[in-house]
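For reference, chains read A, B, C and D in written order, and residue numbers begin at 1 within each chain.
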Amino acid sequence: MLHYFLKRLISLGLSLVAASVVIFLALEVVPGDPASYMLGLNAQEDTLNALRQELGLNGTILERYVSWAGGLLTGDFGTSYTYRTPVAGMIGDRLWVSLPLALYALILSTLIAFPAGIWAAARRGTAADATVMGVTQLGVAIPNFWFAMLMVLVFAINLRWFSAGGFPGWDAGFFVAMKALTLPAIALALPQASILTRVMRSSLLDTLNEDFIRTARAKGLTKGQALWRHAVRNALIPVLTILGLQFSFLLAGAIIIENVFFLPGLGRLVFQSISARDLIVVESIVMLLVFAVILVNFAVDMAYAWVDPRLRRRR
Amino acid sequence: MSLLLHSRTLLPGLVLTLVFTGAALISLVWVPYDITVLDIASRMKPPSWVHPFGTDQFGRDILSMIMEGARTSIAVALVAVGIGMVIGVPFGLAAAVRKGGLMDEVIMRGNDLVFAFPSLLIAVMITAVFGASALNAIIAIGIFNIPVFARLTRGAALSLWSRDYILAARVAGKGQARISLEHILPNVANLLIVQGTIQFSLGILAEAGLSYVGLGAQPPIASWGRMLADSQTMISLAPHLALFPGLAILLTVLGLNLLGDGLRDALDPKLRRARV
Amino acid sequence: MSLLAIENLSLSIHGLPILKEVSMGVAPGRILGVIGESGSGKSITAFSVLHLLPNGTDCTGRITLNGNDILSLSERDLCGLRGREVGMVFQEPMTALNPLKTIGAQVAETILIHEKVSKSEAMARAAEALRRAELPQDRFPLSRYPHELSGGQRQRVVIAMAIALKPKLLIADEPTTALDVTTQAQILDLLKRLVAEDGMGLMLISHDLAVVADLADDLVIMKDGEVVESGPAKSLFANMQHPYSKALLEASSHVPLRTGEAVEVPLLEVREVVRDYTGHSHGWWGKTTHFRAVDQVSFSIRKGESLGLVGESGCGKSTLTRAILGLEEVQRGEILFDGLPVFTHHHANAAVRRRMQVVFQDPYGSFNPRWKVGRLVTEPFHLLEEPPRGREREKAIAEALESVGMRAADADKYIHEFSGGQRQRIAIARALIIRPDLIILDEAVSALDVSVRAQVLDLLADLSGRFGLTYLFISHDLSVVRSITDRVLVMKAGRIVEEGPTATVFDHPKDPYTQQLVAAAPVLPADAA
Amino acid sequence: KGDIIVAMQLEPPNLDPTSNAAGAIDSVLYSNVFEGLTRFGPDGSVNPGLAESWEISEDGKTYTFKLHEGVKFHDGTDMTAEDVKFSLDRARGDDSQNAQKALFAGIDGVEAVDPLTVKVTLKEPNGSFLFNMAWGDAVIVAPETIGDIASKPVGTGAFKFTNWVQGDRIDLEKNTDYWGEPAKLDKVTFKFISDPTAAFAAVMAEDVNAFVGFPAPENLPQFEADPRFQVLVGSTEGETILSTNNKLPPLDNIKVREAIAHAIDRQAIIDGAMFGYGTPIGTHFAPHNPDYVDLTSLSQYDPELSKKLLAEAGYPDGFTTTLKLPPPSYARRGGEIIASQLRAVGIETEITNLEWAQWLEQVFKGKDFGLTIVSHTEPMDIGIYARPDYYFQYDNPEFQKLIADLTVENDPEKRSALLKDAQETISNDYVNGYLFQLAFPTVADAKIKGLWKNQPTQATDLTAVYWED
């Protein structure tokens, strides 16, 4: 186990280095000069140069990579070109919106998908199953920004149950903040819940065909008991994979939704930063997201071991 | 024909898909109205006999826009899936030749790396470098199809490599590349077709999303995602502007997903046996 | 009074008739053997007793267990019955256990379902059941997971689960097919002992006459969903009436007629061959460990000879095969074919390779399902420098197919259109098409029904005579090896432990392992007619 | 009610108006938090700000400002002549990062005569110096607080900065020690909502009390019809033009440019892109300015004439050029309409949508474009036509002389004549396609009074805003 852990840790580190090089080089070729963006149409060349010097834009590629990557290691993400504040602080603030949103959506989709998937699998071939499957087909097919638009139209403009967007901050109280995140979380969660339901169902159906379910039934367990005691946990393994993928998707995929609901999250920050050519912010956020994905996958692998004793020793 | 009856989802999926590919093909030669001509005076007209889906904020016929938009969506998604397959499948085949070998390790880690990047951000970065266009949308979507197909192919190929008929081919002196082509590829083809339709539908969603944030096809090329983005602020004035492109995306993606599911049922002998 | 009585049970699934008027009974303390080839309805009969049938099943007739009519019981009552009154053991020990739960928990579950006892008490009783199934707690703690046990040990866990509540009836559906002979013998002994100790009735299902022969008190022979013959085992074996039963018995002890003579020229020489797998890196810093699958093996095969290789699963038989075929390089030693090395400069020697072919065990997995038979059969042509084309190729295909008793027209069919026996014939045709000198048969008949197996063995004997073939015949089934080989090698954990003429080795085994193996092999009663 | 939530589209990237071009900084802070020597009034007039009065020397080169007494920065320190000197010297220094450094280029020296008197000497007389000093880039800052100005602005205005939740809002509160007329509101929250749909939803759901610079003109009729809201449609300094690359063939041909001008139907663009909000213009000058000349008749919509002109210029079958569009909807929508109108006379355009950074790089700096649409929001910026290296590359020595004369002219009447001349020159040369003056819509709760209607500079001056009972 420890060996496996270490090996995974080393490969995790290598992935991060590779990712940082890719990100840095990609943004290196992005045309556009942050200094001239900041100073606008009437800026003079000497002013621009003074600003570039201050932003550290005049070094060689290698110098800049080393100073950036070195900074990352020590937790210093640099200073935003446009906001002129430490990037780490900005990301930290935004994370307090994006992370809860992603978690909220993840929890929502899990809460919907697990019961729905199990329910449909247990009633395979019935009208109930067909209904669940039909709804999930729709859920997968619906573009989430369109769904978000429709929800705003109905729930914010017409019914006025929710505000149309914005985020009052956690200081405003937990429930107020959660309420503001509700519509976006639903919009994000819907397609994810649909996918998860389908995976849960098919994984469960596969498991229900396994011999050990027959063994359990021969012991005298009812169908339901066999399902809950033996099938669900076994069916969880593919579901975990999807769940891991989804979390990273939710974290990054919120870009559009954050724009629809004008939430001050990471997604919107990165979007703004790209158009402002605030490259240091973009680099750091992409790096952070990649790190999160790799970390989540790592956690999922570790969770496998928790679910599946066969993986606890070897590999 | 009996394939069609095997699955409850195949037929509706096929019909929906045909409707939209049909619309796209017809738009190559004919659309009800020329969408490059704007008629500000008759803008935002609700659906009527003259304009079955109404007109948009510039007075263009929405039906014609949807037909041409179908072409854009389908072309972008199809080429992106093509890119994914053409690059991903050989990678997957190569990786499966020796599980845990250097090649496998490099390809799979590369895959993980691509997967680790948030896809929309990469699309944003690509368009920041090269500018927004349908071509760049294709590249951005295509890149993320590569690891999907590579993984799928590798997974399926690995299980095939342990089959006795592969051993038989090796006994017949065939090399790894030849075996991959002659034995592995045909046997993963079904899976690839099924995954292909699913990636195709995801590609259509992705194209809509990219166009929605302004990174996809540029005017005067019609695009469903941009139609949605453009009509967003008018949703309470003229809901049909957002309704029809939204429905077009929904139904096309739905159709492709149903088709994919149906094909999976029809082509997977394991499931077919279970049903008989 | 009979414990279980099945009377005129007819059953159909989705309108398709599966069982026709099946009757049989089990008395307490007695063992009923149910025999029949694959698909004859043995398992379905067993499932009907527990009423664990697939959806869309219709049945008529009566099944009474201890006087209760099973078919009219509610699902709740049935659940109360399963596991308490009737225990069941299935064929596949590898998949019959939930991989995520400890063996203790899985055995205790049977108890917890049916009796209101505390968890610790259930665990204590589970330990007792496992002990009776010969898995004492000091060596196999309850906290073990299934993957930490061997196949035979897992089957014991399944048995412990089935007997935990001392059921009146135990149904064992092919409980040993997936196990090797020595383990099989132990499991059968265990079952016999439990029946004797608890006085329960046992319904033992198998397709192997020999397995049932020395255990069963009564016998039922099934074919195509019907009982063709039944009665007390002793008298039945002595006096078979139904033609099918007779054929089955004949096929089980079939000895093919062999012609052809071995000459004193070695065709294949294996000298001190060692094959290591670099494998699982255990430990803290991941030192790569070596696993020696084949250890200092030497032997030779003469031209025209049929050499047997027997040994338990995992002893290295297939690994050795791959080395001989030049698919994997060996670490030490050399393999010479007709005096030429199989491997030269780390590459397989093509000139040697084209003189050897192989037939694999699984008749379903050894063909690419997307190719037609014609293409499949000619695949070895790849080894030839100038493979025949056009008409000549057609002719070669026709000849090969006809020589194994198939028709030339079969070349245009796909492999799924054939039965298992036919597939194995096609596999042999594929091996024959380049006229090799040596054919390696790796468990080539193990997956076939007895009657089909007899036919294929006949075919092999016939071909060796006609084409002067040399065979390396690998199997774990001693009776088959005995019937078709001249000489035999016994392999254990990568080493050859005994070697000699087949009859001598099997009748007077010298090595303790060989003795154990021979003793474990099930045999038909000598007086079987 | 003493608090208000005002929404706007763009969030300031930082809070230092003196080192960043972003208009959003001024939109939040101008006049509310920071003040300059002079200040713009709601009508665009230049009024006294921190300077109570001033004297201009005979030669027009020396300005002596008399500062208000008792002005304090929000940190409690006094605002003195030293601070003014510091601010102006900082803006014109060698390492200055001021986006409008040109405003200060004419300053020769700044001298703090006594704590309440500042003397500014110019190199040459400059008729627009007082105007220049009213810009947001010329506000007075204190040297002690300059280090944190980007995140903690400290000014002299009627509101104090309290909090900034980046990506969401900025809070201000009433400055009780204000030197002038105190603000009527106690608390102000600026919220930033960039997405037009979200903007609509937020106003409709009454999540915000006012939206200044409402981004979706198509929704304004709905607000107008709703008694809960008032809609103020004001003017801006934004001339929206079809900028033309005057050096790129065939656009270097005046006949071609004239043809383009006649191919464009301004009203269709105003209707189609702005839903009717916007004033047609025929030159680069704000229509509300007293010196404005209506020259729209020079470029009447006349596709036939346009085709004829194209033929005369040697392009009877038209030609193909590029049309690069920055993000605002006036450009994106207007672009589609113009493309369709140009196509009607035979000119094909390849549309490329650009982000601002790309636009700056490609169009503004790289001059790699044929046509583009952009709104020039700087007040009184006709002078850009005198810069031949400016991105549309108009190089007319006559015009350059006109502007040079204007800079040194102090006599209002002569200035007016020169300005009119300048307008006509560029219009006659068809330098760019002149489309319309950008409207500035503000949607607000019907009970809010005192909001600026027009946008003489980018500012949301809330010092006079109050709730009506």
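Here is the rule we go by: a contact is a pair of C-beta atoms (placed from the backbone, for glycine too) under 8 Å apart; a residue touches a chain by one contact, two chains touch by 3 or more.
The UniProt protein names, listed by chain, are A, B = ABC transporter permease; C = Dipeptide ABC transporter ATP-binding protein.
None of these values were measured; they are calculated from a predicted model.
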{"item": "Touching chain B (ABC transporter permease) and also chain C, the following chains", "value": "A"}
{"item": "Pair sharing more residue contacts (C-beta pairs) when A-B is set against A-C", "value": "A-B"}
{"item": "Label of the chain whose CA centroid is most distant from the centroid of chain C", "value": "D"}
{"item": "Rounded Å distance, chain A (ABC transporter permease) centre to chain B (ABC transporter permease) centre (Cα mean)", "value": "22"}
{"item": "Geometric centre distance via CA averages, chain C-chain A (ABC transporter permease), whole Å", "value": "50"}
{"item": "Rounded Å distance, chain B (ABC transporter permease) centre to chain D centre (Cα mean)", "value": "45"}
{"item": "Chain C and chain D, separation of their C-alpha mean positions in angstrom", "value": "87"}
{"item": "Sites on chain A (ABC transporter permease) at which at least two other chains make contact", "value": "31-32, 149, 157, 259, 274"}
{"item": "Chain D, residues touching no fewer than two other chains", "value": "197, 204, 327, 355, 358"}
{"item": "Sequence positions of chain C contacting 2 or more other chains", "value": "none"}
{"item": "Chain pairs in mutual contact under the definition given at the outset", "value": "A-B, A-C, A-D, B-C, B-D"}
{"item": "Touching residues (chain side chain A (ABC transporter permease), partner chain C) in the complex", "value": "2-3, 7, 210-212, 214-222, 225, 229-230, 233-234, 307-310, 314"}
{"item": "Residue numbers on chain A (ABC transporter permease) that touch chain D, as the complex places them", "value": "31-34, 36-44, 46-47, 50-51, 54, 82-85, 90, 93-94, 97, 149, 152, 156-157, 160, 163-167, 169, 259-265, 268-269, 272, 274-278"}
{"item": "Chain B (ABC transporter permease) residues touching chain D - in the complex, by the definition given at the top", "value": "36-38, 40, 43, 57-58, 128, 131-133, 214, 218-220, 230, 232-237"}
{"item": "Touch list for chain D against partner chain B (ABC transporter permease), complex", "value": "196-197, 200, 204, 215-216, 218-219, 222, 268, 271-272, 327, 333, 335-337, 339-341, 343, 351-355, 358"}
{"item": "Complex contacts: residues of chain C adjacent to chain A (ABC transporter permease)", "value": "50, 52, 75-76, 79-84, 87-88, 90, 92, 95-101, 109-110, 113-114, 145, 147, 158, 161-162, 280-286"}
